[in-house]
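First chain A sits with chain B, and in the next complex the same chain sits with chain C.
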Partner chain A sequence: MSATAHPHQATPAPRPHRPPRPAGASINLMYVPALVLFAVFIIYPVLQGVSIAMTNWDGYSSRRAFVGLENFARVFSDPNFSTAMTNTFIYGVGSTVIQQVLGLLFAVLLDQKLRGRQIARAIIYLPVLVSPVVMGLMYYLVFRYHQGALNDILGVFGAAPVSWMSDAGVAIGVIVVVNSLQFMGISMLIYLSGLQGIPQEIREAAALDGSIGWNQFRSITIPQLMPAFASSVVLNLIGGLKLYDVIQVLTGGGPGYATNSVSTLIGRTYFGNQAAGYAAAQGVVLFLVIVVCTVALNWWFDRTRSHLEN
Partner chain B sequence: MTHTALRAGLVATTAAALLLTGCSAPGSGQQNLTFSLYMTADSPARAVYEKLIADFTHETGVAVDMTYDTTNYENNIKVKMAAGNLPDVFATHGWSVLRYSEFLQPLDDQAWTSGVNTALNTSMRDDQGHLYALPVEYTVAGIAVNQDVVEKAGVDATAINTWDDFNTALTKVAATGVTPITASGKSSSAGNMADFIASNAFTDAQRQSFLGGTFDTAAWSERVLSHVQDWRTAGFFNADYVSASLDDMASQLAQGQAAFALVPASSILATTLKLNPSANIGFIPIPSDQAERFLVGGEGIHSFGVSKSSKNKEAALKFVAFLAEPDNAAAIASALGSYSGLTNVKVDLGLLQSSYDAWVTPAQLPTKPFFDRVYLPNGIWSTMIATTDSVITGQASPDQASEQMKLQYDTLFRQAR
Partner chain C sequence: MRRHTKILVTLLVLTGCLVQLVPFYLALTTAFKEQSDLSSVWAFPFAAITWDNLAAAIAQGGVLRATFNSAVVTVIATGLTCMLAALAAYPLARRRTRLNRGVEFTILAVMMVPPLSILVPLYSLLNGLGLLDTYAGLILPLVCLELPRAIFLYTQFLRAVPLSLEEAARVDGASRLQTLRIIIFPLLKPVTVTVIILTAVYVWNEFALSSYIMTSTEMRTLAPSIAAFFGANGSNVNAAVAGSLIGVVPILIAYLFLQRYFMKGMLAGAEK
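On to the complex of A and B.
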């Protein structure tokens, strides 16, 4: 019960003297713990990675020599790295596009007052909670040649089994689809919260002005969803560019080197080829690519948003 | 809940944690050894190791924590090497000298070393003659074969001397509707294939060139990968190659769905027997272009070294000596269906006994070392697998795959220097 309900009570006692608020430099101490953690777990490993990238270390022995930028030069002349980088963009961009389209579609659908929409949301989000390794294994059992679910279905119709993963193009497509289906739930949630954040009055005002249906979606919903677009696209793109687990389980980067992403190639280079220095150089290049993509995307989304607001 | 109750709960939890810690093995004064193996969970050798460990603990009071893995074994050991945290005893799986010797205790002063087969000297002793691992297993391998399948196809597998003979046999098998060669894209079988062919494919000058830092791209393409390309073009590989595992290979051989596999027969024996105990599986020598048949061999997967930095070195050496005792080493090698690297050990080779009797015991055929372990730099194995796999799947021509090999060879050679 609040104090205003008892106006007859005695005058409240004077407030105890509060210690002065920390000001100036002392307030900066508050974020030192976070800064220390960031330095130890992010800055130091990145610097260490750059330092290893300039050596010919094999990854386990005590022998290592400084080789300058040799490993970086090799990155740009290595055909396996070019293949892996191309695949990485396909995984990143492909997954991002599919996840945005499906995520937005489901978000719009499940934003309606439908029966069972909570259950449907939970079902779509559920794969996000599954380990990518498990997801990869499930789809391995679908696409494998012998006793694979897909070939068994084909067999029912009298068709011959297909070695799905022999064709690099098909294998890359399967990886993109598996990754997209797993993480589309994140996009759906982001768009759903974006849709629920759009004030009803704006929609009503637009409807009064005759803007309904697709027209309202294009001119009201999409501009209002720009922050959600930015978050979802950047998160999905970063995830896609770093894709590792699903590829490792489904194809192991093969046939040959055809389905490697830069992340799986790094694993192969570090452990398989025992070239930790070169693997670190590949890692540094991937890191820079992701940073550039993220900054460029954020810049583009900011510009588009302010353009739409104006 | 009051603060007093909270505090009491906290104290009780802490006390219980301390008590439990006090009860655990490391704190009780018992010595614990860590022991890592390259082994599958369903390997018949697992029960043998567990029994031997129980016996060792009973005899010495030293407990042994055994861990095993296959896919990630090498990576885990590499991480532990880099972190200076190796197990006290671990499987060197063919690499005791080239990869691990820097981290291993030389074992020359151990009594059991006098029984090590001298045929292993090339692969298991360094330039100074030091030995770093106990070879419980000595891999001697040829091409694995389902003898019933080849007989049915009218092929006398024992008369295959050249690769042309082998190709004729493959054609006859294919005509019966059976897959001539089973291989697996999910294992390292493509690497084994290249290794088998390469081990006797080159002239002395070419071998010296590989050893000396020059990768002969044309020779690798023409004398190794062109065979693989021919088999691919003729459709001799299993249709499920890309998604097949080592177990699938074993299954196809065991059930008569495939005739040959270019992997050591011992690596697929356990699964084969599980699926078809009466499978007529054996191995034949590897043919060559010059009609000089041969076997490949060297340090086996189940070879054990002692970490140089082990805090339990004395107990670890005792454990390795215990494994080297003839009865114990025989029990392990028999479970694996492999030859032992110790000459005083008599092994029951089961299903493969007749093949060993025919090809190994008479000692008439040369046993060549695995090519990559002697003539190529440490670390090339992964590239050998991927490049041969590229040819099998048609992703690369033999020339392109050889160029990839050269690229990696040059880097690793520079790195090693």
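On to the complex of A and C.
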């Protein structure tokens, strides 16, 4: 505030008006605390992980010998790891597909003028906010064998109860469904904001051309939703590839090792089998897989977008 | 909309809402039912509501202690995240040098690290620092996992704040620090609400790292303590469910009053 705004006050000696300097390099100090934290708690562990992965450390003793790439070779020959890797991709891709379908469906439905749609959106979105542990526990009540809510319903129709958790194939499906139902609300929100971003004129112009209903959806809405599709797919796929909590609560990775993701397998290899070196190698592989998927997906979406624009 | 389209739309929406609400309903019936009550999980025990499960969750599961731990970790981690992210975002938004673009890239790369992939080295690092089973040992890694998105949100927001505001303050003789404190930081309120919601929900619900870092029952946070109680007392599901309700209620209350902010904030955090 300038001194002239207070004429009754004693005017201080006017400061020489120098033009403000552009932000100097010293303001870079402001990101140093964050970078120090990253260096200590993320970057150092990532590098340290590579070095631990080349030892036979058990995680407790001070004995550890350099074993070179042995643990990485083991990753590729261990059937438990390949099961976990396959499952990780099923969790990732399966959840991504279901979440796109349901997310887009409810976004389109709740974009219509409907009484109570605000409440409906809030309800569809609600599970996003609870811990996946709680979500898993609640769905345990749905899928358990005795007194399970789903088997109760089957019983009403005279069908035999199903053992949802002890058959690996079924359990994997259950985990995908629970994870998808929990997070489809995020996809719905992303698509809703995409839909609301489509200018009304475009929709009206299309309606005049006679392309309404499904045709309008296919020729106007879908291309306009590409950015929303891209961010939703990347988010869901990475979330699915990292899946840990729901598996741990619903099956603990079992029966045997059959429903593990790489994330749950790492915990088990480290603390269950005291094979810290091997667990670190699994971690390095998981990290690389996620980096490759993220970079590839983003590259592909960028390319598709530039194709669409040309 | 034609009439039968409207009916179909309404039916689909109702089905979706029902599917999302059923698990919560089942949790309620289970939490308030006697353990020996073998009636259908669909039936609410109107005649015989029991508080025994809640009592067991508190006495044996240590759920109240866990709630306290979660509150401590959530408040401090959220505060730290907001502070560090707002600070870090300013130079990234205002000084777009080669160095700072490199820093931005590093921060985005940190976002890709799956927490479980660094479980072994992180655990041994915390062990070496004496931070295992301490608040700091959990808070600092969780802050690191949440910081990149927060920095990104603050940076985007700051880039939209016109430089002329700062220049005006500087011409009036304010130092750079004063300008930040008086002009810039107060402007950040809307994006701070977003960051608070995203971080608080994540930290409050976090399970994977918390369950490995907080090794003793006294230090355990909510999600691991519910999971441990469920794992150790597979026979007493009722109590585990009752305990988990304690963890859900605070978020539900916040959601009820701040629904708009939650949805807007979560959307901002999801879209990049």
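By definition in this document, the second predicted complex is superposed on the first by the 265 of 310 C-alpha atoms of A that agree within 3 Å, B and C clash if a C-alpha of one lies under 4 Å from a C-alpha of the other, contacts with A are read in each partner's own complex, and residues count from 1 in each chain.
The rule is simple: a residue touches a chain if its C-beta (ideal position, glycine included) is under 8 Å from a C-beta of that chain, and two chains touch if they have at least 3 such contacts.
Owing to the predicted nature of the structure, the values given are computational and were not obtained by experimental measurement.
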(request) With the two complexes superposed on chain A, say which partner A:Gly272 touches: chain B (first), chain C (second), both, or neither. (result) first
(message) Once chain A of both complexes is superposed, is A:Leu225 in touch with chain B (first), chain C (second), both, or neither?
(response) neither
(message) Touch test for A:Ala168: chain B only (first), chain C only (second), both, or neither?
(response) first
(message) One more residue to check, A:Leu35. First (chain B), second (chain C), both or neither?
(response) second
(request) Identify the partner contact of A:Val284: answer first if only chain B is touched, second if only chain C is, both if each is, neither if none is. (result) second
(message) With both complexes overlaid on chain A, does A:Gly148 touch chain B (first), chain C (second), both or neither?
(response) both
(request) Name the contact category of A:Leu126: first (chain B only), second (chain C only), both, or neither. (result) second
(request) State whether A:Ser62 touches chain B only (first), chain C only (second), both chains, or neither. (result) first
(message) As a test of reading the superposition: which chain, chain B or chain C, is in touch with more residues of chain A?
(response) C
(message) Under the stated touch criterion, which partner chain does A:Met138 make contact with: chain B (first), chain C (second), both, or neither?
(response) second
(request) Show which residues of chain A both chain B and chain C reach, each in its own complex. (result) 59, 140, 144, 148, 252, 271
(message) Under the stated contact criterion, what part of chain B meets chain A in this complex?
(response) 74-75, 78-79, 81-82, 102, 185-186, 239-244, 248, 378-383, 386-387, 389-390, 392-396, 401, 404, 407-408, 411-412, 414-415
(request) Going by the contact rule at the top, pick out the chain C residues touching chain A in the complex. (result) 1, 6, 9-10, 12-13, 16-17, 19-24, 26-27, 30, 38, 40-42, 84-85, 87-88, 90-92, 94-95, 97, 99-100, 103, 106-107, 110, 112-125, 140-141, 143-145, 147, 151, 166-167, 170-173, 176, 201, 204-208, 212, 222-224, 226-227, 230-231, 237, 240-241, 244, 247-248, 251-252, 255, 259, 262-263, 266-267, 270-272
(request) In the complex, go through chain A and note every residue touching chain B. (result) 56, 58-62, 74, 78-80, 140, 143-146, 148, 161, 163-166, 168, 251-258, 268, 271-275, 277-278
(request) Would you tell me which residues of chain A are touching chain C in their complex? (result) 1-2, 15, 17, 19-20, 23, 25, 27-28, 30-31, 33-35, 37-38, 40-46, 48-49, 52, 59, 102, 105-106, 109-110, 112-114, 117, 120-135, 137-142, 144, 147-149, 152, 181, 186, 189-190, 193, 228, 231-232, 235, 238, 241-242, 244-245, 248-249, 252, 262-264, 266-267, 270-271, 276, 279-280, 283-284, 286-287, 290-291, 294
